[in-house]
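Two complexes are shown next, each including chain A; its partner changes from chain B in the first to chain C in the second.
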Partner chain A sequence: MVPVVRAGAVAGLGALALLAGEATAYKLGLIAIVFIGAIGLHILVNWSGELSLAHAGFIGLPAFVVAQLSLHAHLSPILALPLGVVAGVLLGLVVALAALRARGLQVALVTLAVGIAISRFFFVRSWVIGPPAGLHIAPPSLFGLRLETSRSLLPVLMAVVVLAVLASRSILESKLGRALSLVRSNPDAAAAVGIPVAFYRGAVYAMAGAFAGLAGASYVLWVQRISPKAFPLDLGFTYLVIAVLAGKGALTGVALAAVLIEGGQVFSILPRDFALYAGPVALIFNVTRYQEGFNGLLRETRHRLERKVAIMAAETGTADGERRWRGWGARGVRLPVVIAALLVAAGFVAVALAWYHAGNTDQVWIQNQEMVSGGIGGLGLIVLGCVLLLRDALLHGRAVVATSHTGVAGADGDADWLGASGPEPPAKEPAGPEPEGTPTGRGRRTVAAGSKGRGDTR
Partner chain B sequence: MSTVVLNGLFVGLVYGLLAVGLVVIYRTSRIVNFAYGETGMLATFAYFDLRLGTNTSTFTRDHGVALALPTALVLGAAIGVAMELLIARPLRANPTLNGMVGTIAAGLLFITFAVHRWGIEVRPVKPLVEGAGVRLLGLTVSPSQLLIGACTAVILGGLGALYRFTSLGLRLRATALNPYAAALSGINTNATSMATWAMAGALSALSGVLIAPLVAVNVFFMTLLTLRAFAAALVGGLTSIWGGFLAGVLLGVAESVVAFKSPVAGITDAVIALGMIVLVMARPGGLVRADY
Partner chain C sequence: MRALDAVSLDVEEGSVVGLIGPNGAGKTTLFNVVSGLLLADDGSVRFAGDEIGRLSPHRRAALGIGRSFQNLGLMLDETVAFNVMTALHRSAPYTGPDVLLRPWLRNRGDRALEQRCAWALQRFGLLADRERRVRDLSFARARFAELAAVTAEAPRLMLLDEPTTGLDLAEVSRLDAVLGQLRRDGTTILLVAHDVRFVMGVCDHVYVLAEGRMLAQGRPRVVQAHPAVVEAYLGTPARAG
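Moving on, here comes the complex of A and B:
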């Protein structure tokens, strides 16, 4: 269930973003940029147990590099994104030099010094930051299409976010990610096992710099206007709050924390005073008491849900269980189906809205942007929804076939094909609720076996 | 030039004091207190509120040094104790990374409160003692600087005597060396830890009050000073009191000379950063080893 729910949530948010107005799209883009930067710090803090207080500088300096390149070399900001990443990697390597021999504590102090040095040395030089009024970049263009509004630039930014997420997942699920976990929990054991601890720690700082550079370049791409005031020192602390609140685990917690903190700031949902005080207090609470962050909360919630669903599936055969769960699962409504239906509906709505907006204007460039964001995006959502529906139907069909062959707890209540029939609970499994966690034949067998066990002990 | 060195020397004395406070906390709790400067900043602003030195003061008359200074010291100590109770004590098992993040958050909290209460503009403050100053070796030493020198001497001497000649000092050293063994020997490590943080907090408050007349004062003034103190403490390996103090003094002098020789903005910060990188690459344990 979880990967499907995740994909569905992401696609749903994407749908909402495409339907949003101009100002909202701009703010969503800011949240996405913070998310990209926070990914780097997440790998550094939660997977490796290091600390970087220079993240604002890691984001700001590559941003200025990209901005200056766009202005002077007439490079489109979209093409300059990799250069921002390279600049961030170089900055990270400077700190990585210090990390080669020292413990995390000394390296953290070094990052503090580097961050302040970047802010007070580079961000006052006119050859870095340009004129006092800030640097202005021309709106980027893609394949000849000038992307002037935020709503038209949003798919580009979303593509960058997807790239960043894929890159970080491939890092974290590889040998490097496993090694980093071990280094975090016990560096001496990791070294004894043969992991090159110093090299990996340096590489992690470089990676944090890479993501920060990407975030800085995306900032230039999105805002097209940059000045040192955009990167104050407490921006680094905001990222630290997001990373620590996310907790160890996947990127879902990072996304949640980024949306909460940056979304709260940008959309002014909470009164500003409250947000400013609540951030550090939540951080202290998380660090001293809970220490698991949002990822921990999500894990706990998922475990509780899975246990509930397993109990529910196990009890479906009995009269008590039926009474308790009838409203939810007895009709066989599956969560992926619901999500897929919503996606298809959202896709149609996006297409309709794009059609309406395009019809109401006679400027070709606006029509083009509506086509890209609403039309093609909506089509993509419809396709995604249909794919999910198809997948669910295939798996469901395969599962039904599998259970009718293995004869576990008889799909139709009769003795199974082995001839054994015992005090089985009456057949409700196939029509009953799918064990949401595993819509495969194997999973259903397991849960049904569990229910058979319960039937035996009754 | 010699005036420059002299000014740098006195600023360096304050850096040294701050570094001593950081080292004292690290020896006891193995936590780098990133909120050390902010503790002193809050106490300093409270001091100036009491003495009507700020334009947002809620008091209507100047209460004088005799009331304001002890209040500032007590406030600094109280903040230190609060941080020990809320951050250092729960993290006693694995203090390092989480402790750093916790103290960073506390520092953020203090600065947020200070910005709300006092705003971010720079304000001049009146010096602690008035007077014309003293001529020493052909140079004029202002009364504020004399006060800094005197206080530093008294504090360092007192601290050294405390550590070496009193039973409290013995307990502090034992807890710093090995908290578990100290607890097994019957030392109340909770009380010792709290006493250390209180002492360090008061030291931060005193440092802030002493240096405020010499630098531009706004709510961020201690944060920038404390960065120098971190660099100095790092030279002492974060555990050597004398190493940290001497490094702070040298850093103050060097910073003054560099700022005088090349007025490139931000050059000192860049040089400190590069120096710290080189130091940590070459000698991660610091240049001076501590003796407990």
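Moving on, here comes the complex of A and C:
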């Protein structure tokens, strides 16, 4: 189910992007490039527990390498993309050499120093950055085909994004990703199962460099004029914010964070400097309160949905709701809920389309039409869907409680051993109603059938 | 200060050897020296006839030395299956570059690993918990998950640091059965445990360590009766029972 939804969403977004006008296509491309660069930092920060504050340099220097090459060697920047990757890997290895000798806070300082060194040493040399106005390269061509507009370049950039996504997924879902996460959480255990810890810590900087280099080269391809102003030192912090907001897990979180931070900026949906102020606030919240980021949020939502469907299935008499959910067997899911969910989704789509069209025209009468049909109609759909959902929850909610506890709440086990809830030995207390006012820590939840709470206890 | 001083220990191939001693005796330090997490100031570590005292830990793992940790060498936020798959790092039938260059090898290889993972989990009755996070398991089950991860790799020598801590009687007897099976498969086991009765029951040979020195060694029965041991560690026989 989830892969289908994800593939559908990606295909839909791709199709929408291809329909976009020139200016929109250009902005979408900028977001895609930030996404590629953020993948590298995602692997580095979220999967390996390393840190790099030099990401702006990681992206900028390969960009200049590619730009200079395509200027002087008359190489199409599309064909120079691999060179950007190579430059990024080399840069990553240099940083790795320095970072491997340090730990924790020192790594941050080392990478910050590297970032400053790149911007103070390379980004002022004319043999790197060209004339003060910046480097201008000719529009890229591919096999004799000149791709002058952003719209014509968009398929190329999409192919690059797909390649980057496939490569990073391949890395993260293989023994490499698993090794990286064990190195992050327990280096001793990693060494004991035969993972060369130092090698992996170095390699992950090279990987981050590779994705950053790809992002830099794509930037040259996309913008076709670059100056050091495009890679200020604080760009590295923006990338760090994106990575931390994404949290450990899949690339969906990275994409969401990139769209939020970079998209908010280029489309000016969010006020100017929103990222500047909201980014750090979100970062603090993320680090202190909820460390899982967008990926954690998505995971939780998914678990909740699966649980909910399991409850619904239990109620309709099918024993194994989980299986039905995966197979999307319609019997486990009640029709009104599906309709309501579709209504809400359609409402949001209508609002988004109206928003988009209204923003792209200066004809007031079109804007008015959009506001009525899309805005009010969309809101109506959302309200209707929510009412249906609420009605369903009220009608079926109570009936479900009794059946759900046996199947669902029992799945939590006795996870007391992490010391979350006081000095008691691993949960041996008799099942029964808990007195009001008892501190309910992790795992100390003895569910009293029907008294409070539904099966959904996360 | 020396955590270990003039300690010598022999583990015969195919045997189960126990190491007991009061807290702070240096048992875990000894484990760290054998598995390579600590380098001894002097002395030697020999494995299957070869000196390995200067090798890095991952090279020792490659020779076939696996170990568990007193406070779980697992990722608590990951699932049981993910942890076991991670422990199978060396067994993955593809190299790092293959991941990008020949992804089909990765797909096939990981499917083979999943089977081995299932087999290892089966042994400890953990198949039903494979998709649950370690954090959500009881301590005993998490401990079994770690043992499953260590045994999945089928090491020649297995170092088990306090495998019985936090286990109830039924679970200890399950562990006992699995260790017996491993021994029949030819695995050599060196274990540290507080549960003296368990050690005496399962081991062929027992070493007693106290304050970094070897106090006594021999067959379980002999050690149990050794006056120095009785005095330093076990107390009177009644208390030991």
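Here is the rule we use: the second predicted complex is superposed on the first by the 309 of 458 C-alpha atoms of A that agree within 3 Å, B and C clash if a C-alpha of one lies under 4 Å from a C-alpha of the other, contacts with A are read in each partner's own complex, and residues count from 1 in each chain.
The rule we apply is simple: a contact is a pair of C-beta atoms (placed from the backbone, for glycine too) under 8 Å apart; a residue touches a chain by one contact, two chains touch by 3 or more.
Remember, it's a predicted structure, so these values are computed and weren't measured experimentally.
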item: Touched partner set for A:S174, first chain B, second chain C, both or neither; value: second
item: Partner chain in contact with A:P82 - chain B first, chain C second, else both or neither; value: neither
item: Which superposed partner A:G359 touches (first chain B, second chain C, both, neither); value: neither
item: Broader residue contact with chain A after superposition on the shared chain, chain B or chain C; value: B
item: First, second, both or neither for A:A102, with chain B first and chain C second; value: first
item: Which of chain B and chain C A:V124 touches, first, second, both or neither; value: first
item: Residues of chain B touching chain A in the complex; value: 32, 34, 86-87, 90-91, 96-98, 100-102, 104-106, 108-109, 111-113, 116, 224, 227, 230-231, 234, 238, 265-267, 269-270, 272-274, 276-277, 280-281, 284
item: Chain A-touching residues of chain C, taken from the complex the two chains share; value: 35-37, 56-58, 61-62, 66-67, 69, 73-78, 82, 85-90, 92, 94, 96, 99-100, 103, 106, 110, 132, 135-142, 149, 153, 166
item: Chain A residues touching chain B - in the complex, by the definition given at the top; value: 49-51, 53, 94-95, 97-98, 100-110, 112-114, 116-117, 120-122, 124, 234, 237, 240-241, 244, 273, 276-277, 279-281, 283-284, 287-289, 291
item: Chain C contact footprint on chain A (complex, rising order); value: 167, 170-171, 173-176, 178-179, 181-182, 185-186, 188-189, 191-197, 203, 248, 412-418, 426-427
